[in-house]
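Handing you a structure now.
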Amino acid sequence: MASVFEYKEVVGISIESVEAAIQEGLTEVSADYQVAWFEAVSIRGRMVDEKTTEYQVTLKIGCRPK
Amino acid sequence: MASVFEYKEVVGISIESVEAAIQEGLTEVSADYQVAWFEAVSIRGRMVDEKTTEYQVTLKIGCRPK
Amino acid sequence: MASVFEYKEVVGISIESVEAAIQEGLTEVSADYQVAWFEAVSIRGRMVDEKTTEYQVTLKIGCRPK
Amino acid sequence: MASVFEYKEVVGISIESVEAAIQEGLTEVSADYQVAWFEAVSIRGRMVDEKTTEYQVTLKIGCRPK
Amino acid sequence: MASVFEYKEVVGISIESVEAAIQEGLTEVSADYQVAWFEAVSIRGRMVDEKTTEYQVTLKIGCRPK
Amino acid sequence: MASVFEYKEVVGISIESVEAAIQEGLTEVSADYQVAWFEAVSIRGRMVDEKTTEYQVTLKIGCRPK
Amino acid sequence: MASVFEYKEVVGISIESVEAAIQEGLTEVSADYQVAWFEAVSIRGRMVDEKTTEYQVTLKIGCRPK
Amino acid sequence: MASVFEYKEVVGISIESVEAAIQEGLTEVSADYQVAWFEAVSIRGRMVDEKTTEYQVTLKIGCRPK
Amino acid sequence: MASVFEYKEVVGISIESVEAAIQEGLTEVSADYQVAWFEAVSIRGRMVDEKTTEYQVTLKIGCRPK
Amino acid sequence: MASVFEYKEVVGISIESVEAAIQEGLTEVSADYQVAWFEAVSIRGRMVDEKTTEYQVTLKIGCRPK
Amino acid sequence: MASVFEYKEVVGISIESVEAAIQEGLTEVSADYQVAWFEAVSIRGRMVDEKTTEYQVTLKIGCRPK
Amino acid sequence: MASVFEYKEVVGISIESVEAAIQEGLTEVSADYQVAWFEAVSIRGRMVDEKTTEYQVTLKIGCRPK
């Protein structure tokens, strides 16, 4: 029975929404790891132009190697 | 004049969005309490499958008995 | 070369979504300042009625006078 | 021997003083619970008018059912 | 499908160990609630006598009514 | 409908009480802004002499231009 | 020129007010040290009886030996 | 002389004790790294059944490749 | 009636358990002071060898001179 | 007697040192304000090239209009 | 367009200065990763002898594989 | 084998650099104690004049009586 998880901390980025940025981060980490849970520890971003905002969501992801 | 509010702390869960998870938590508490304000104190979640993410938003809700 | 940024802290408000509330705050500050980055430091809100939630997102915005 | 306390978190409100707001919160909770200790975790408020300030003190109260 | 959990915050107390104090808190809450998870948010205590230490562990417990 | 508030952070100072120091800060900011709410984020001070203590209360004030 | 201060951390206690509890702490430390500044880092307390509240204010005091 | 350490963050899990959970995390990381020090940053868990509690201890581990 | 407590902050160390490390710290301080309460503010440590872990528990101890 | 200070929060930037970045921030604010004190609340930066690091120091500056 | 960054957390060590310790950490990570930004999250150290201080700076480094 | 360290918290002050301020604090405490490690918990200061900045670094120092 696996009894240890590790944390990966990444920043997912999207110009669509906070949820899309979270999804970017999860997709990246789930390529190599089995993702068990995550926490969004900060929501940052920048204005790309007047109508476009880039969301940068820092995720701590609890995972195990696949 | 009522001069005391109490805090309820709940976790609202949704596979749609952060906002839908917040709404789940507010709806639950507003069944028995008059909700005055809330704060989202953490955004957590898990991957249900490759395309579905479950959002778990912890809310501190300032309220009074109805 | 400009070597100092200042922080403005504002609360953007919207009944649509967290992202719309962030946009409100950014739009206000970008009228007078060149916005370089932001961080959403708290997500609060209140129930307007049973179906409507007001999101109040506090932003720290790194910027420079235009 | 009772070996568990629970926490109640409330906001006591008063236009007189921080201490009066604390007293409001303690009185409310002590109606139903035996209050063992408290901590004032935030002091907030608003201006009612130019001369009157409302103090809103959030209390975490360690208590047991009476 | 139940989509909301609530938090109960209690202090479990024991003169045996940190783990026994945690167990005290969990047992109390699990009488009325289905306990899903907990976090030990502080470990405090006092000296009962030279050889005996009382552990007071504050738990935030995620749970649902049974 | 105005949908953005800004934060002003000031230190109110008084030798009378914590409440008087809060009032100093609120009065200053309310000269130019409509004050909506405040939070006292730190209470500091110094001894002026053996019988006199100066209270320095840092306030974060949510406000809008008048 | 003295270029080092030390911190003393004490809990001042009073049944009168937060300010009186602060004064208790400052008086104790100023017996042996020259007090330069203080910060009130927590406000706790307990109910002595229905009408009496004991305030326990933790102070970090910047000081030098007299 | 090696002058850089890296941090690994893992969650050690055990149904025996907090110390056993810490040991699980250390053993895992020490397979590939020379462990220099650790900090237990959170103690979480869940009830497996009425008599069994699972401890989940998050560790930040300062280490170097072996 | 003594109305001031002071804080001592120490690190208790043991290769047995978190509780034994706490006891080390309390015993040291209780030689010169009457210990009223404590809080374990961090749990750190190091691997002495593959089977031995040293626990280093930082304690804030509320106390008065004996 | 002036009894209110305000906080300005800025980011000073320099490729020389942390101290030079602090000086940048202080110089900017002291053009329009009388600076009373500051706190460096974060030290961030980026690599400009292999040999050059840019330091970005966030300062909270207590000040008054000149 | 790459839309995910990862965080590496390291401790850079130097007996020269805080900046040199930061440089140590950045150099190590930039061997294998493209460093985008960093934050110095703690400054610790020890006295090597009466005249020599070792600085240990913990860095969170936002980066991408080269 | 000594198994307890105590913490001293001091503010080292220098007009030269952050490192010189740290050195001031360490030198003071090492007169009476064997210094094992330190952490710089805040960097504050003030402008002495246009060209001179005073750095005030708060240190938590782990030590034992000599």
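Letters A, B, C, D, E, F, G, H, I, J, K and L mark the chains in the order given here, with residues in each chain numbered from 1 onward.
Basically, a contact is a pair of C-beta atoms (placed from the backbone, for glycine too) under 8 Å apart; a residue touches a chain by one contact, two chains touch by 3 or more.
Predicted, not measured: the structure shown is a model, and the values here were computed from it.
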Both-way neighbours, i.e. chains that touch chain J and touch chain C: F
Inter-centroid spacing, chain F versus chain A (mean Cα positions, whole Å): 38
Sites on chain G at which at least two other chains make contact: 9, 17-18
Graph class of chain-chain contacts, one of line, ring, star, complete, other: other
Chains grouped in pairs wherever the two touch, ordered by label: A-B, A-C, A-H, A-K, B-C, B-D, B-E, C-F, C-J, D-E, D-F, D-G, E-H, E-I, F-G, F-J, G-I, G-L, H-I, H-K, I-L, J-K, J-L, K-L
Chain J residues touching chain F - in the complex, by the definition given at the top: 3-7, 9, 60, 62
Of chain E, residues touching chain H in the complex: 17-19, 22-23, 26, 30, 35-40
Interfacial residue positions of chain J with respect to chain K in the complex: 17-18, 42-47, 50, 53, 55
Residues of chain C touching chain F in the complex: 8-14, 24-25, 28, 58
